[in-house]
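Two complexes are shown next, each including chain A; its partner changes from chain B in the first to chain C in the second.
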Partner chain A sequence: MVKQKLIQITTYFLMVILLTGCWDQISIEEHGFVVGSAIDKANDYSDENMNLSLTNQIVSPAGLGTPAGGGNNKSPFVNVTATGTSIFTINRNMVQEISRAPFYEHVRLLIVSEEVAREPEIFASILDIFIRDQEMRRGIKIMIAKNKAKELLEIKPEPEQLPVRYLDMISDNNYKSIDMIDPVTLGNVHDFLLNNKSYVLPKISLSENEVDYKGAAVFHGLNDNMVAELTAQETKGMNLVKGDVNGGVIKFKVEDHVMTFELEGAKSKIKIDPKDPKNMDISVNVEVEGRLAEMYGSKTLLDPSYLSKIEEKVAKKIEKLANQTIDKAQKEMKLDIFDFDKILKQKHYSIWKRIKKDWEDGENYFANSRIDVSADVQIRETGATNRAKGKRHE
Partner chain B sequence: MSVVARRVKRKQNVIQNSNKQEENKQKENFSITIYKELDKNITNLKKMLGEPIDLVVRPFTVRGTEHKCAIAYIDGLVNDDLIHSHIMKNVQLETERKQLPDEKVKLFEVINNEIISASTEKGYTLDDLSNALLNGDTIFYLDGIDKVLLIDTRGWESRAIEEPDSETVIRGPREGFVENIQTNLVLLRRHIRDPNLRLKKHYIGRRSKKTIAVTYVDGIINPDIVKEVDRRLRAIDMDDAPGVGYIEQWIEDSFLSPFPQLINTERPDKVSAALLQGKLAIFLDGTPLVLVLPATFGNALQSPEDYYERWTIGTLIRGLRYLAAFISVFLPALYVALVSYHPGMIPQKLAFSIAATREGVPFPPFIEALLMTITMELLREAGARLPTTIGQTIGIVGGLVIGEAAVQAGIVSPIMVIVVALNAIASFAIPSYSVAISFRILLFGFLIASAVFGLFGIILAYIMINIHLVNLKSIGVPYSTPFAPTFLRDWNDLIFRSPIPLISRRPKYLQAEDEKSGNTGGKNL
Partner chain C sequence: MKRFKHADELISEREIMIAIPSFVIGVGVLTFSKDMAAVTIAADGWIPILIGGIIAIMITWIVAKLASSFPNQTFLSYASCIVTKPVALVLTFLFAVIASQLAVLQIREIADISKQYIFDRTPVEVIALTFLLVVVYAVAGSRVGLLRLNMMFFPIILVISLLVIVFSLNRFEWNHLFPMLETDFTGYMKGLRSAIFSYVGFGILWFYTVLVKKPKKVPKKAVIGMCIPVGLYLFIYVSIIGVFGNAVTSNLLFPTIELAKGVEIPGEIFERFESVFFTIWIMAIFNTTAMALDICVFALNSIFKNVQKYKILFVLSPLVYANAMYPQDLIEVYTYGTIVGYITFGYTVFVALLLLVVGKLRGVKPIG
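Showing the complex of A and B:
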């Protein structure tokens, strides 16, 4: 009895193990690790035949070298391009071109070219596989390339070995700049796609082998296509209104002296008075803290009146930047890139329910609202000494 | 055939065996009774033992009388000084000063009570006699009496008390048990000077007749444990118990389990601490190892050192040991699972560097891991059986030369070598050898599971082990307690080792009669 049972159990156990084998097992060195992808229109793109081209940057780990041994002469990556009508078929085509099947769990970056992003519906459709495929991660960063996205994967960056890692690290430097927006991940974009609300993605461009990570692409919420773009200055304004600032620089002039103010953080308080939806009052108060990084001229900073004068100037400059962006958003784009809708939804839900459809579309209450920006600036530090240069006799 | 039926049959064999022994005795023509005649007795004794070369029989007469007498003992098992000073000297000198009765029975009593100064017992049958003789007693015959005196003259060479090699501590006592059970019990007595310390004697081994001592502190221990151990010890039936492992394997609850269900130790301080918690210890003559029971999983990862250091250090060392246990069971399996099934779960830079080092390695990770862990086991086994000086050479040749050469030859990846080395170091950090070895068995199980199903397989195997653990018992006490069944109070001395004054109660899972510890935490000041 016991013996029989033992034999039975052993048989089942061995069957489970031996019949399944090492199913799904692929050794780590046999994967083609994709670190970044770029999507462009294929050369033969037409309206009937929407051929896209996908370029994958595949790492060849041996070329990266080990910390001790350094790299050998092999290139650390290969870019593989394939074309097709859907990302999935492109992937299948790509397998024929490279010995190691693309493996997407380590993708860091997805770059979509502006011409693809401008086509209605296509942007959302190509993201579908990136969002739903089990190999994809929600932390993939998404950027919009001004020209061909593929070119960005071919730069020769220093000191990084991989172009993708270079781009990835640049986008993380936004804590030192307000010209760029926070990196947007696939998870965020999934959120955006589910709401019929306009959103902003970071823009990247290549000019003469120089990467320029500035500005932003504005997407319409209904068709999910890119409709406008913000310049670096306009991005600054948007960031300030949103209070989405970790650092950055504002240049201005005081008494004809150039001064540089380094932001250390900004908070914005937004109040919306929705009593009359057709004519809403939105007041934005930006509180900025920072230090005076650089000053020309030789006036002492210990003089409180001089300091408050500087603060006033910074505030003026901030208000100017903000208003410039608000103007563009209300008059040109007619899209709420500042996420005022979130505040409406949170604080005035009953009204929001009624006007939701007419906020950006239809009546476009956003474009008709009055937005008033004021800034409070506080200089926290003036540096180690009150001045660096001797006072000129005036 | 069921286990019970097999046991019954074994018992029957035993009875048949003893019948055979009786037959043998008759064949060899000696009688099991003791005669009145001295000569007859001596030839009888010699016949029974087969005239061994180490049997010493010394006939003499009681001084000042005509009474013939003799002593017999086994050379080497007895203390010659004792025989000289307590028997020979007394029987030959003391008798002069005394008025000895003429009647033989009275003389026998006088010699027993007044002359011989060592402890004596009376023997009536040849069985008593041979047992005593082989235990190192000396037999005293008096012509004309059909009884003998069994005089305790035991004394043989034994090793000096040394620090146990297998369980060294830094801040603890340096003494360890030796092969002599008397010495060992003395060592225990010196730790617990409590009248309630009970030492119960059993004999084990049909032919070896070894002494085992069951020790516990009455009034602390739960009597059920004593009863159960007693029952199990009585069931033991074998020729000999050369080491304490024989007893362990007779009385453990599950012989299929990879986990050791009793604690082995050479340290008197560890035994005494366990007895004072409400546990029980079994000493076996002829081995320096002592069995402590019941044991739990938590005990497997404890060392006396935890208590000798201050509590912060004790706690951190324990935490480290749990980490070591985790590494020694899971690390190679996790590596194999991540590298062959889930490269997406490895941080990006690490994944690339692993992939770079694996480039050109001919084996899949599982085979690589298996090769390396088996090599590790070979090295460990080879080192353990060799003299220490050569053992170190093995370590260097094996660890450094083979490891380095294998990497250079491209047979294994350097990261695999790191994984296996880390795993080996972690398993050496587990204080008990038998526990460390059982964890190595689990390692191979997990390795196979991870090779077949990846992380999923590891989780499955982990669940299986857990189911087994919660089912396992050690002398009726759940092995996984106080984790499950949960006794939160006992967690103050589990992974976290609270300051000694706060461990004021004996472990709840032992259900001690006297739950309060000898430690009041200073409340009665």
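Showing the complex of A and C:
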């Protein structure tokens, strides 16, 4: 009896010891939480392949502290850089440099320098590991840095403590501006790459320690590299044509008075007549709603004819902005950055199947199509006051 | 150790209704969208999913009708009535083999996927063994208990799956669903083929119907049960296409996992929702595997009546384990899965037709 009991107890003890446990156990302190990565061209060319350098921003929780501060002088993050010919080998090299193995589940941001992005046939290969690896998320935002991408991870932002968090939040502020494009995620880019279509990514630059998140980088779908860029003004035009506007400001002049129109939303209706692919008619109608945010001068706004005059001026300005960008897209870049191809595919599938090859490439039907932009503006309100200054006696 | 005995070893028809979707929803739910998107345009895959579902529901009904017209008889005994004992023995044995292969497949795939996404350094062999041990423990217990476990797990599985869909709605893009109905006929047929595989599972009715107290109600409840996976698959497919678009979906190995990974709950109160999804989904696979293994034991037990259930199980488990570890890589597992899918579907339909036709010809009257 006693012997049986003993065996039983021993078995239970062995079970408790052997059956609990985790093969893959890593303590949370041992994880190097990567929040953002930057990819640059490395200076030295050791062999024929291009050498890349990857910088990971790793959070060091000891430095984060409480919002109240508390006399902690440790930096909240560490940047680690390693070089190599493929991202995966770089990663393995990086393990030798830092005590905590990089852990990528929390990456929010990937910045690629323009220098790397302009190299043909490499961009997709760089992104491959970010798309393929199970640790990575498809929601990682991608940006193109004008100069060194690494520098952007070294800024000292206020009030945020982490540069990556700062950049992440800036990109989310796009609802206040039409100079920027919506943040583009890795998942979106995967879609673009699989469809071999051209696309735009947000551009970010650093000048005298100030971050500038404006404009966009245009990527060629087939050649898989960055081929052109859009200025802030051109980005505005593109956003208006796409109807991709959540807010923003348009400045214009009425009778030599500067006025500011605040957009509250824009919708664009795009109609494509694909009967003759060589000479397609594309009509874009942009409907804009908003309010007059600021006006110089002292004319009354309650006068309907004056208000409609202002509306007309805003519409003119929008058409001008849009046409500028369309001109550049058709004549210089010859790339459809407005996603007209999507509309063709969705609404005119049988025709799209035939002309797919010649849309941006080959015959380039896109560059030869006639794009006509018209804008309708509706001023919903004019603020709390009619005018800020009394009329001059005439 | 004393085992708890239920008052009766019978189940109600509600348990059968839940057993069907619990069995059908297995590893297939993670991969079916990929195969479907690859052969159809935009979101057209919903048509094969729906038609395949209707076919599956019809077969379910036929099987349930047949099985329930012989109340309180096991598959072996009514099959013997219809097609003579030797043939019935062979049919039962083949069912046992097929059920074991379904279990093998589930074990292998859960081990592979868990290694990829969760256990980076744990060998596949260890993951598979751990999983198999839990399954064996479940099968060794009461059969009715296993079916009651389904009742407990299934609502959770359903709720979490629906949550994944709801929290993905903010990333849903309507224009991914267009153009509609542009897929050609061969595309639909290919889609239908993979859709039907994802619904394989009505075979459990051959065996579990005998446990039901009121077999008359089985056909209706079984059909309702089969409707659940059809609806769920439709929802999941449309949301995956809406979120990722067709091109991306057809290139993702496990679109449903990626969908769960992308979930961001507003307010950032809960990150990494996929950890919940994984847990729940492993419960779903557990149900499928346990039932598959149980049916295998059930079928063998009806052939070897004098052998204890445990003995069969303990001989069977090492074989299942060795079989699960046999395929060498992802592609072999995939091919193996396709073959097993074909055979299971073909065999279930074949048996149903055989029993129906021979039963009619020989004029075997259902008892009761």
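Quick note on the criterion: the second predicted complex is superposed on the first by the 364 of 394 C-alpha atoms of A that agree within 3 Å, B and C clash if a C-alpha of one lies under 4 Å from a C-alpha of the other, contacts with A are read in each partner's own complex, and residues count from 1 in each chain.
Assume a residue touches a chain if its C-beta (ideal position, glycine included) is under 8 Å from a C-beta of that chain, and two chains touch if they have at least 3 such contacts.
Keep in mind the model is a prediction, meaning the values are calculated, not measured.
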Can A:191 be said to touch chain B (first), chain C (second), both, or neither?
second
Using the touch criterion from the header, give the chain among chain B and chain C with more contacted residues in chain A.
B
Using the superposition on chain A described above, determine whether A:357 touches chain B (first), chain C (second), both, or neither.
neither
Determine, under the contact definition given at the top, whether A:24 touches first (chain B), second (chain C), both, or neither.
both
Counting only touches as set out at the top, which of chain B and chain C does A:316 meet: first, second, both, neither?
neither
Look at A:105 in the shared chain and tell me whether it touches chain B only, chain C only, both, or neither; answer first, second, both or neither.
both
Check: chain A residues flagged as touching chain B and also chain C 24, 105, 137
Chain B to chain A touching residues, read off their complex:
2-3, 339-341, 343-346, 348, 351-359, 361, 364-366, 448, 451-454
Interface residues, chain A side, partner chain B - complex
1-2, 17, 20-22, 24-29, 31, 33, 35, 59, 61-62, 64-67, 103, 105-106, 108, 135, 137
Give the list of chain A residues in touch with chain C in this complex.
23-24, 105, 134, 137-139, 187, 190-191, 194-195, 342, 345-347, 349-350
If you look only at chain C, which of its residues touch chain A in the complex?
41-42, 116-122, 126, 175, 178-179, 182, 244-245, 247-248, 251, 258, 261-262, 264, 272
